[in-house]
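Common to both upcoming complexes is chain A, partnered first by chain B, then by chain C.
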Partner chain A sequence: MTVKDVVKALNLTVYSGSDGLDKPVNGGYTSDLLSDVMGNASEGMAWITLQTHKNVMAIASLKDLSAVILVNNLQPLEDTQQYSNQEQIPIVGTTLSAFEISGRLHNLLNSS
Partner chain B sequence: MNLYRADLHIHTALSPCGSLDMSPRNLLEAAAEKGLDIIGITDHNSTLQAPVIREMAKAYGIFVINGAEITSVEEVHCLCLVSHENIKALQNYIDKYIMKTPNNPEKLGHQPLVDQDAQILRLVPHSLHGALNQSISQIQATVAQMKGIFIPAHIDRPMFSIMSQLGFIPQDLPFDALEMCRHTPAQSLWKKQPHLKNKSFIRSSDAHQPQDVGAAYTLLKMHHRSFEEVKKCLNCLNDRKPIIT
Partner chain C sequence: MKTQYDIEGGNFSKAGFASSEVKRMLKQLNLDIKLIKRVVVAMYEGEVNIVVHAYHGTAEVDVSEKRIRILFTDRGPGIKDIDQAMQAGFSTATEKIREMGFGAGMGLPNIKAHADELNISSTPGKGTQVEIICYIKKDHQNT
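So, the complex of A and B:
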């Protein structure tokens, strides 16, 4: 399943990094602590968070994550979007909370 | 008593986000140009660049306080300053608890430790962006044990601050002072947080490049320049006090 498939299935908004929409998503990680993601997320995961600043993209790039999913209708800051375009890691968003979107992504990945 | 101009929060090239122009000499020249009397060298999660700057600063007539801006497990940035005798102990504490994620300089920034002529001695291998596996209270207690200075950094910043990460300042957390962001008008902070009005505040540059050194500073009203005297000043002992401008 690719980021594009997840976007379609979960009705997400694409903010940036659309060149990376064909990346495969092999799991998810939900956390708002950057150091936690740095230590515990692994390659190919979609990262669910409320953080919108550009350090998010440094971590996503370091860990080769497939996408960043922003919750609660939060939108990425301008420089965060630029970083996402440059790294070709999409930032997508939902109006749902972290709990809701994590559950849905989990179901989606397990049923595919 | 005297008034000393102090910028207690300055990064060097060792910090992954610090400009590579922040060599010991460039940093000290910028500090001298801005008329700073006291500077704090506070790289992210490392004290290693501070001693050479402290040694070189004597020629500039600048008093250097060693320390680090330590990231707690809750991702609160804390200025931790210690006397020269305790700098190794503070570094050992950081080394024991920091997460050892390898640094990727292309993605996260270079971390060179340099000598007095800006020659690279070595690169710190683990990312200094990481956090210590220690709570803010544990860090405070450790710094207190070293008779050091503990200051939650840029408390009104929307990320990596005690306010953004913990929601409020815990009643039982002791501190020597609080650091206000460089651009915050004091009145606006106190309007939002009236209970902080009688606390001791500093303002600093949080400089990552030479031109920002001294862009914000605190006037320390105290008798002379020493680590112990700065600690007394921040705690407003016997009419000493920090004055934010």
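So, the complex of A and C:
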């Protein structure tokens, strides 16, 4: 399943990094603590968070994550979007909470 | 082979820049991917520690046949109690920095978990030196 498939299935908004929409998503990680993601997420995961600043993309890139999913209708800052475009790692968003979107992504990945 | 990177204290927009340079360099050297992933976590945490806590610092990355050694040296407030700093969840970061998701007290424990060796020495009021070593051979044996 690619980021594009997840976007379609969960009705997400694509903010940036659309060149990376064909990246495969192999799991998810939900956290707002950067070191938690750094230490525990792994390559190909979609990262669910409420953090919107640029450092999110530094971590997504260093960890080779597939996408960043922003919750609660939060939108990425301008320089965060630029970084996302440059790294070709999509930032997508949802109006749902972290709990809701994590559950839906989990179901989606397990059923595919 | 030695390369050195400058790390600016307080400049969050550049946090992770040196780490991504190191990642690129290690990939070019065609090192084991699991090893690179471990080094990247340790390098990032060391870099962020300088950005969050120090005024200025350097990361000296030395790659030999046997190991990757990263030496962080900073001018900064130093660490009063290193054992306490090593405890998961302990942090002296400000509220503002925590709101960004930094300063959760997981940085040094992350380094310890991903590197083979971690040595810290610090002079309060002057600065801190953090040495991180990842062995190259060990990873090949694991795979």
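The criterion applied here is as follows: the second predicted complex is superposed on the first by the 112 of 112 C-alpha atoms of A that agree within 3 Å, B and C clash if a C-alpha of one lies under 4 Å from a C-alpha of the other, contacts with A are read in each partner's own complex, and residues count from 1 in each chain.
One rule holds in what follows: contacts are C-beta pairs under 8 Å (C-beta built on N, C-alpha and C of every residue); 3 or more make two chains touch, one makes a residue touch a chain.
Note that this is a predicted model, so its numbers are computed, not measured.
With chain A as the common reference, chain B cannot sit beside chain C without a clash.
Shared-chain residue A:51: touches chain B and chain C both. Of the two partners chain B and chain C, more residues of chain A are touched by C.
Of the two partner chains, chain B and chain C are each touched by A:39.
By the touch criterion stated above, A:10 is placed in contact with neither chain B nor chain C.
Look at A:79: by the touch rule set out above, it reaches chain C but stays clear of chain B. Residues 33-35, 38-39, 51, 53, 55, 58, 61-62 of chain A touch chain B in one complex and chain C in the other. The part of chain A that touches chain C in the complex is made up of residues 32-36, 38-39, 43, 49, 51, 53-56, 58-59, 61-63, 79.
Residues 12-13, 15-17, 19-20, 23, 37, 40-41, 44-45, 48, 100-102, 104, 106-107, 109-110, 113-114 of chain C touch chain A in their complex.
Those residues of chain B whose C-beta lies close enough to touch chain A in the complex are 71, 73-75, 99, 101, 104, 107-108, 127, 129-131, 159. Taken in their complex, chain A has these residues touching chain B: 33-35, 38-39, 51, 53, 55, 58, 61-62.
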